[in-house]
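Chains: A, B and C, in written order; residue numbering restarts at 1 for each.
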Amino acid sequence: MSLLTLRDLTVRRGDCPVVDHVSLTVTGGECIGLIGPNGAGKTTLLRAALGLLPASGESTLAALPAALRARAAAWMPQAREIAWPVTVERLIALGRIPHLPRGARLRPEDRATVDAAIARMGLESYRDRIATQLSGGEQGRVLIARALAQETPLLIADEPIAGLDPAHQIATMEVFAGLAREGRSVIVSLHDLGLAARHCTRLMMMERGRLVADGPPGEVLTPENVDRVFGVLAYYEQTAQGPVFQPMRVTR
Amino acid sequence: MRGCVRPSRVISLIAALVLTGAAALAGTAPAPKRVVSVNLCTDQLALLLAAPGQILSLSHLSQDPDSSSMAEAARAYPTNGSGAEEVYLLAPDLVLAGSFTAASTVQMLRTLGIRVEIFAPAQSLADVPERIAQMGAALGREAEAAALIARFRADLDRLSATPDRRPRAALYYVNSYTVGDRTLAGDILRAAGFANVAGEAGLARGGTLPLEQLILLAPDVIVSGRDYPGQSRAEEVLDHPALRALPGTRVAGTLTDRDWICGTPMVLSAVEKLRDLRLSLEGNE
Amino acid sequence: MRLALGLSLLVAALFVASLLSGQAPVGAKESLAALIAGDGTPLSVVMREIRLPRALLAAMIGAVLGLSGAAMQGYLRNPLAEPGLIGVSGASALGAVLAIQTGLSLMFPLALPLAALAMAVLAVLLILMLAGPRGASITLILAGIAISALAGALTSLALNLSPNPFAAADIVFWMMGSLADRSFTHVWLALPFMAIGAALLASLGRGLDALTLGEDAAQALGVNLPGLRLRLILGTAACVGAATAVAGAIGFVGLVVPHLLRPAVGARPSALLWASSLGGATMVLAADIAVRELLPARDLKLGVLMALVGAPLFLHLIYKTRKEMA
C-alpha cells in the first residue's frame, strides 16, 4: 500500500527550481534515509510533500484535507520549537490533537499512546520536566516522541538526530527501524551517512533539487555517487557487525 | 480662549484676584475716546453703555453666539485677539479687561502707559449693578449706567419670586459639575424661586457632584447646561439614562454658559426662563 | 478545575463589591435590596442604572481584554503581545473618536463600536504584517510603538479640531480609559461584539496549543493556519474594539493576567484562554473598585492604575526576554 506518492513534484524559488521533478513512492515497512549535501533541497522536498509549501506536480499527502493528512503523516520540523514552558508529557500529548473529537479531552487510549511514545524514546524520567528547560538533544528526543504520539502510518522527520549524543542517535535510528518492522514507514533526512547505511532500508539521494539515486543503501552509496554528490571519498564495507560507512577525505 | 468661561476656573480664581483702586482712578479721568475691550464680559457691558464711536474693538469671543448674549450687536465692531501687541497698536486710551485677563498682558499695557480698567466677575445678582456702575464710571457714562441700573433693579424685582414651596433644582453641567448658591448661576436659580440641591450636598460655590449623589438627592428638576456644537465624552453624563429614570424628576431647560457667565442685565432673561420653568412645574402638579 | 472555581468565586465577589462601591454612603443590605426591588426610588435608580451597568462592563471588558491578550500571545508565541501595548486599543480609540466627531454615532449608534472594530482590524493586520509569523519581540514592540503613537496623535488631532470646547479634555479618557457613568446603553452596544469576538477567540484553543510546536508542526497537526489567523484578527478586533468604544483604551490587562496565570494552567495556551478571561474580569473589577475607593469624586482613570501595575511587569518581561536572547 502506498503511503506517499510524488509525481514530478517541483518547487521553484523565483525561476530556480529548488525541488526539481521529484517522483517517488513510499510503501509500508520502509525506513528511508533522505541524504544530500546542504542546500540540496531535502527540507523543501519534505515540506512540499506535506503540502506546507506551494508546489507543482503531485503529492498524495498534500492533496488530502488537513485533518486527514494529520492522521496520515506526522511531521517533525528541523527547528526545535517549544514556545511555552509546558511539561514533557503535555508536549508529547499535543501529538494526539488530530485524533481528538472536537472539544474533547485526552481519552484513556490517547494517554496509552502518549505513554508508549514516552517509553519508546526512553523519556520516562523526563515526564514531568519542563520541556523548555531541557538541553537541545533532550528537546529533540521529546519532539520525536511527540511525532510518534501522532501514531500515523508515515513519520517524516527533518534531521531528527542532529545534536543527539551517539547513544541516542543510534537508539533513535533503531526506533525508526523498529517502526518500519511494524509496518509503518519513516522518512528521515540526515547527514550521518554511516547511520543511514546501517539503519535505513532505503536511501534517497538528492543533488541540487533532483532525486539522483533511490534504492537500498548499497546501491545508492556507490563511490561514484558519493564522490559526485558529496565530494568525499568513503570507506564502505559489509562487516560482521553490519555495514560500515565512513567518509575519509574530501575529493575536491 | 474658551477656558476663561469655564465655571471651574471662574470660581477658583475669584479670591485670588482682588484689585482695588482701579475704579477710584476711573472717576477722575476724562471720558475715553478710544476704548478696547479684551474680555467677554466687559465687551457686553461696554456695548450696553458706550457712546457711539467710543468703542474701537471688542474681543474675539464677543461675536461667538455660544459664549456671548450680545454676539449680534458685537458684529458691528472689529475684534482683537486680546494680546498686548495687537491691543497697543490700536492706540487705545482705555483698555477694559477682566480679572482673568493674562496678568502679563495687563502689566505690559500699563508699562506702555495705557490705562487698563479691570472688572471682577459677578458672583451674585447684587454684583450686576456694581459692574454696571463701574463701567459707567470708566466710560464717563454715569447717567446711562444709573438708568440701566434702575431698569435692572425694577425688572429683577418683577421677576423675582419667593414661592411658599421652592422646587428643588440642580444645575448640572459637563463633567458632573454643579454650581452652588454663592455663584451668579446659583443666585439666578434662587431668584427664579428654586432651592438649589448643591447646598444639600455641601457645595456652596460649586464642584463635582457625582451622578450617584445627584440621583440620591432626587431633585424635582435638573437644569442642564449644554449647547456647544459637536460631541464630547465629557458631556455624555448629561444623557445618562439614570437622569430620566427617577419618576419624580424632570430634566428640563438649559442654563447655558452665556446665560450666566457675565454679570450683565441679560441674566434677567435666564431668571425669566427659569421662573417660567418653575411655573410650568407648578401647573403640572 | 480548582483554578476555574476559585477565579469564578473571585469574580462573583468582586462583582458584588463593585455594586457596593460608590460615593453614596448607603449600607450593603439596603443597596442590594434596592437593586432587586427596582421600585423607582433614588437608591434603586442608582443601583440599577449606574452601578449595575458599571460592574457588568468592568467584568465584560476585563474578560475580553484578558482573553484577547492570551490569544494574541498564543498566536505570536510571545508574552509581550498585548492589545494595548501593540496599538490595537489605541487604534480602536481613534475609530471611536472618529465615529463620534463625524456625528456618525449620533445617526447610527452601532457606528461607534463598528468604527472602533474597523480600526482595530487594521491595527492587528499591520502588527501581524510587521511582526511576522513568529512575532519576534523587537519587531512586535517597535511596531506597537509606531501604531500607538500614530493612533494617539490622530486621536488628539481629531479632538483638538472639534468645535466642542470639552472634546480636548476627552483625550485623557480615550488614552487611559474609565468606566465612570457608563450606562446600559453602553452595555448593549458592546455586548454583541464582545460575544462574537469571545466566541471566535475561544475556538482557537486547540490551534494555539498546536502552535506551541511552531507553525509547520501545527499545520501538519491539521491546524488551518489562515483560518486561525482570520479568527484571531476578527475576534481580537471585535473584543478590543467594543471594549475601547465604550470605556476608552484600558491597557496592560492582556499582559498582566496571562503572565500571572500561565504557571497555574501549566502554560497551555488553550487553558490560558478561559483562565485569562476570568482573570481579566477580576483585574478590571478590582481596579474599578480601587479608582472609586482611592480617590472618590475624582474620576481617576482606570488606565492610570493599570499602568502602575502593568508597566513594571512589562519592564521585567522585556528584561527577561533580553536575557533569553543574549
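To be clear about the criterion, contacts are C-beta pairs under 8 Å (C-beta built on N, C-alpha and C of every residue); 3 or more make two chains touch, one makes a residue touch a chain.
Source: prediction; values computed, not measured.
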Self-check item: Most central chain, judged by mean C-alpha position against the global CA mean
Solution: C
Quiz item: Out of B-C and A-C, which chain pair has the most contact pairs?
Solution: B-C
Self-check item: Most distant chain from subunit B, judged by the mean position of its C-alpha atoms
Solution: A
Quiz item: Once you find the CA centre of subunit A and the CA centre of subunit B, what distance in Å lies between them?
Solution: 85
Quiz item: Could you state the distance in Å from the CA-based centre of subunit A to that of subunit C?
Solution: 43
Self-check item: subunit C to subunit A touching residues, read off their complex
Solution: 77, 206, 209-214, 216-217, 219-224, 262, 266-269
Quiz item: Once bound in the complex, which stretches of subunit A touch subunit C?
Solution: 47, 50, 52, 66-67, 69-71, 73-77, 79, 81-87, 90-91, 94-95, 97-98, 100, 143, 146, 150
Quiz item: Which of the residues in subunit B end up touching subunit C in this complex?
Solution: 2, 6, 174-176, 208, 210-213, 215-218, 228-237, 240-242, 245-247
Quiz prompt | Of all residues in subunit C, those that touch subunit B in their complex | solution = 22-24, 26, 40, 42-43, 45-46, 48-51, 100-101, 103, 105-106, 162-167, 169-170, 173-174, 181, 183-185, 296-299
